[in-house]
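For clarity, chains are labelled A, B and C in written order, and residue numbers in each chain start from 1.
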Amino acid sequence: MKQTLRDLAEKLGCRLLGDGSITITTVSSLQSATSESMVFVEDAKHLDAALSSSAAAVIAGQFAATDAKQKPILISTQPRLTFARAAKLLRDPDKIRAIHTGATVPASAKIGKNVSIGPRAILGEQVKIGDETTIGAGCVIGDNATIGIHCRIDANVTIYPGTALGDRVIVQAGAVLGSEGFGYVRDSATGRYEQFPQIGRLVIEDDVEIGANSTIDRGALDETRIRRGTKIDNLVHIGHNVQIGENVVIAAQTGLSGSAVVEDNVIIGGQVGIADHVRIEAGAILGAQSGIPSKKVIRGKGVVFWGTPARPIREYLRELAFLSRAAKRER
Amino acid sequence: MKQTLRDLAEKLGCRLLGDGSITITTVSSLQSATSESMVFVEDAKHLDAALSSSAAAVIAGQFAATDAKQKPILISTQPRLTFARAAKLLRDPDKIRAIHTGATVPASAKIGKNVSIGPRAILGEQVKIGDETTIGAGCVIGDNATIGIHCRIDANVTIYPGTALGDRVIVQAGAVLGSEGFGYVRDSATGRYEQFPQIGRLVIEDDVEIGANSTIDRGALDETRIRRGTKIDNLVHIGHNVQIGENVVIAAQTGLSGSAVVEDNVIIGGQVGIADHVRIEAGAILGAQSGIPSKKVIRGKGVVFWGTPARPIREYLRELAFLSRAAKRER
Amino acid sequence: MKQTLRDLAEKLGCRLLGDGSITITTVSSLQSATSESMVFVEDAKHLDAALSSSAAAVIAGQFAATDAKQKPILISTQPRLTFARAAKLLRDPDKIRAIHTGATVPASAKIGKNVSIGPRAILGEQVKIGDETTIGAGCVIGDNATIGIHCRIDANVTIYPGTALGDRVIVQAGAVLGSEGFGYVRDSATGRYEQFPQIGRLVIEDDVEIGANSTIDRGALDETRIRRGTKIDNLVHIGHNVQIGENVVIAAQTGLSGSAVVEDNVIIGGQVGIADHVRIEAGAILGAQSGIPSKKVIRGKGVVFWGTPARPIREYLRELAFLSRAAKRER
C-alpha cells in the first residue's frame, strides 16, 4: 500500500530529513533495495552502505542526523522497530475478505464483521470468530472454540473443541492446538497403559504467535495457558497443563513436558527440552539444546543456562575447557 | 453421561462407602471440583484436601476406609487408574455419528456399522473402516488402507496407501502414517542421491495411540511395525523398518532412525535420538535427550540410561559430578 | 509394471547372465522375495543367500560373474543403485491422472499437461503447475506459487504464496513450505515483541525431496533457498534466509536457524541443531544431536563433527574416554 515518506514519518513518529514527497511501496534489504523501498541501519558504520544502496529512503538512528545526505532519512530511536512497523503500514490489504462458499459454517457459529474464511475450512457448532479475523483454507475448528479479533489462522490448522484464542493471535499452517496430552496410568495387574483423562482446555491469550506444525496440548483436568505476547516458533511441543508467561520467546523444536511453568520474559533457544513440573523463573535464558530435568527450578534474570542438565553458561564453558585440556594432557 | 455413584462403583469394581444415590457427571481436579464431580487421591496425606474440596465424591485407596467421612468414597487398589476409567464411563457419547455428506467415500470402500466420517475426509479405493470408528474432518486415507474397530482418527491426519491400523487405535490431528522413508543411494559417478525403494508398509497394532503431527514411515521393502498398546506422543519421528514392541512409551519429539528395534515395555523420554539399527532391549528406560549411536544394543530391564552416547545414569551422573569438581579445582 | 529381465538389463545398462525371458514385477528383500521379484547383493558373502532366496533374479557386482548360477543375474558396478533404479522402472503408473472435480482451481492458474490434482486441493490465483506433476488431496497452494514438472506433492501439504519449486521435487504429507520466519524486534519501551518483516520468499530447486511435516520458512526480506538434489527427512525445521547447497542430506528433526549456510555435499544427522549465521563448509559431516553455536564456521571435507558445541569426533571421543576413566579413578 504505497504511501509518501512524509505520511510514514508521521505515522511512525520519526523525524524526517529530506524530501518527504517521495513514494514508498515496501521495505527491503540493502541488496534488494529499489527506488520505492526503504531500508534501515542501526549503527553509523553501516550508514554509508545504506545511503549508497538503491533504496529510496533510510531509517536510521540519531547518528545519521548530522548533515545533509544523498537520500531522505527517518530518524528513530529504535530503527529496527520502526522498520518493522513501516512494513506493517505498507502491507497490501487482503484482496477479498469473505466466507468462501466451500467453507462449512454451521448456523450456531457466531461470526464477527469482516471475517475471512477460506475454502474447505470447517467450523464446529457454537464456534465464535471475532471481527477482522482470517481463517485459512482447510482449517478444522472444533465445537465451542473461540477466536478473538484480528487473528490470522493459516491453512490446515487444527483447533480442538473448546480451545480459546485471544485477539491478534497468529497461528501458522499445520499447527495443532488443544490436542490431548500424553498422560497414562499403567494398570499394575496387566501392564497396560490407559489414558489419564485429558478433558481440560487450552487458552491462548492476546498477541501470541505460533509457528508451523507446532502442537499444544489441552490441560488434563484444568488448563494449559499461553499468556499475552508470547512467540512460539515452528515444530515446538507444549504438553498438558503447561503455563507460559507473558512475552516469552520459544525457538523451534523445543519441547515442554506436562505441568512445566515458564514465567514472563524468558527466552528459550531451539531444541531445548524442559521436563515435567519444571519452573523457569522470570527473565532466564536457556541456550539451544539445553535440558532441564524433572521438577528443577531455574532462577536468574538475564542469566544464560546451557547444557544437559542445564547450568549457568560460565560454569558449563569452564567444564568444557577443562575437559578439552585434560583429555589432551593425558593422551 | 451422568451416573449414580452406586452404578459407577459397580462398573469400576470399587467398594462404596457412603451415599451411592448421588449423581456424578464428570471427573475433576481438586481445584476445579464441583458438586457433581469426582476426584481422586493416592495417599493418605492428600485425603483431607480431597474431602474438603467441593467434589461430590472421592476415589481413594484402602487408607481411606477407616471411619465415616464427610463425602462418599470409592475404595480402589489403584485409585488413579479407577479415576481414568471413571472418566471414560462419564464421557458424553458423540452427538451424531454419520458419514458427512462432504466426505469422499468411493463405492469400493468397506465401511463398518456406526462409523463417523467428518466433512472433507477423503477415503481412497478399497479402504476398510471398522465398526464404531471415527474419521476426523480433513483426513486423507490412501487406497487399500485398513482401520479397525473403535478407532479415533482426528482431523487432518494423512494415512498413506496400504497402511494397516488395528482396533482402538487413536491418531491425533496432523499425524502422518506410512510416508516414504529416508533412504537414498548415492551414485558414485555423479554424486547425486537417488531414492532407495520405499515400497513396504506400516502396520499399527491394537490400542496404539499416536500424538499430533507425529510421522511414521512405511518399511523400505518390508514393514514398519508398532505393536499392541504402545503410546507415542506429539512430533515423534519413526523411520522406515523400525520395529517397536508392546506397551512402549515414547515421549514427544523423540526420533527413531531406520531399522531400529525397541522391545516390549521400554520407556523413552522426550527428544531422545535413536540411530539406525539400534536395539533397545525389553524394559530399558532412556532419559530425555539421550542419544543411542548406530547399531548399539541397550540392555537392562529397569535401568535408566542418559546422555549421548547413552550410559547407565549412575555412571553419567558420576561423570558430571567429577567434571564439575575438577573444573572448579583447576580454576 | 511387469517387464522381462532382458528389457530391464538393457534399461539399467547391466550385463545379463542367464535367462532374460523371465518376467519381473517388483523388487524385494531376500525374506519377502517371490518368483516375480528381484533382489540385490553388494558383496560376495551374501551372494549365496540371494541365490537361495525365492527371488526370480539377482542384481550383483562383478564378483558374481564367475560361473553359471542357479538364477539369472544382472551384473552392475553399483548393485544398490541399480536396484533403486529397477524399482522405479517397475513402479505402476498412477491409475488416473486428472484434476479432481472437488479441487479448487481458479481460472488464473496455469496447469501443465497430464497434471493430477487430488480432491479438495486448493490452488490460489496465478499458481503454475508443470507437466506431469501430482498435487495431493487437501493441499493448499498459495497465490503465485510455482511448481515445476514431474513433482509430487503429497496430501495436506501447505505451500505459502509466492513459493517456487523446481522440477522433480517431492514433498511428503503435512509439510509446510514458505511460512513466516521467527524474527522479532523487542520494543525497548514496552518489552513487547513485534514481528520483523517476513516478506521474502522460498525457492526450492530441482530434485529436492522434503519429508513429512517438515517446515521451511520464507526469507525475511530476501530468500531462503534449497539447492538442487538436497534431501530433507521428516520434521526438519529450516529457518528464514537459510541457504542450503546441492546434494546435502539432512536427517529427521534437525533444525537450522535463521541465516545459516550449508554448502554442497554436507551430511547432517538427526536432531542436529544449527544456530543462526552458522556456516557449514562443503563436505562436512555432522553427527546426530550435535549442536553448532551461533556464527561458527565448520570446516573439513569428510570430517565428522559431534557433540555440543560440535568438535571433530576424534577429539570428542577422546574427551568422553578421559571423562569415563577419570570419574572412575576418583571414585
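The criterion applied here is as follows: a contact is a pair of C-beta atoms (placed from the backbone, for glycine too) under 8 Å apart; a residue touches a chain by one contact, two chains touch by 3 or more.
Bear in mind the structure is a predicted one, so any value in this text is a computation, not a measurement.
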Sorted by label, the chains bordering both subunit B and subunit C are A
Is the contact between subunit A and subunit B built from the same residue numbers on each copy (over half shared) or from different ones (under half shared)? different
Distance in whole angstrom between the CA centres of subunit A and subunit B is 28
If a residue has to touch 2 or more other chains to count, which residues of subunit B qualify? 120, 138, 156, 174, 213, 235, 253, 271, 289, 323, 326
Contact set on subunit A toward subunit C in their complex: 26-29, 31-32, 78, 80-81, 83-85, 87-88, 102, 118-120, 136-138, 154-156, 172-174, 207, 209, 211-213, 229, 231, 233-235, 247, 249, 251-253, 265, 269-271, 288-289, 307, 320, 323-324, 326-328, 330-331
For the complex, give me every residue of subunit C touching subunit A. 104, 120, 122, 138, 140, 142, 156, 158, 160, 174, 176, 179-180, 182, 184-188, 191-197, 199, 213, 215, 217, 221-222, 235, 237, 239, 253, 255, 257, 271, 273, 275, 289, 291, 293, 308-309, 315, 318-319, 321-323, 326
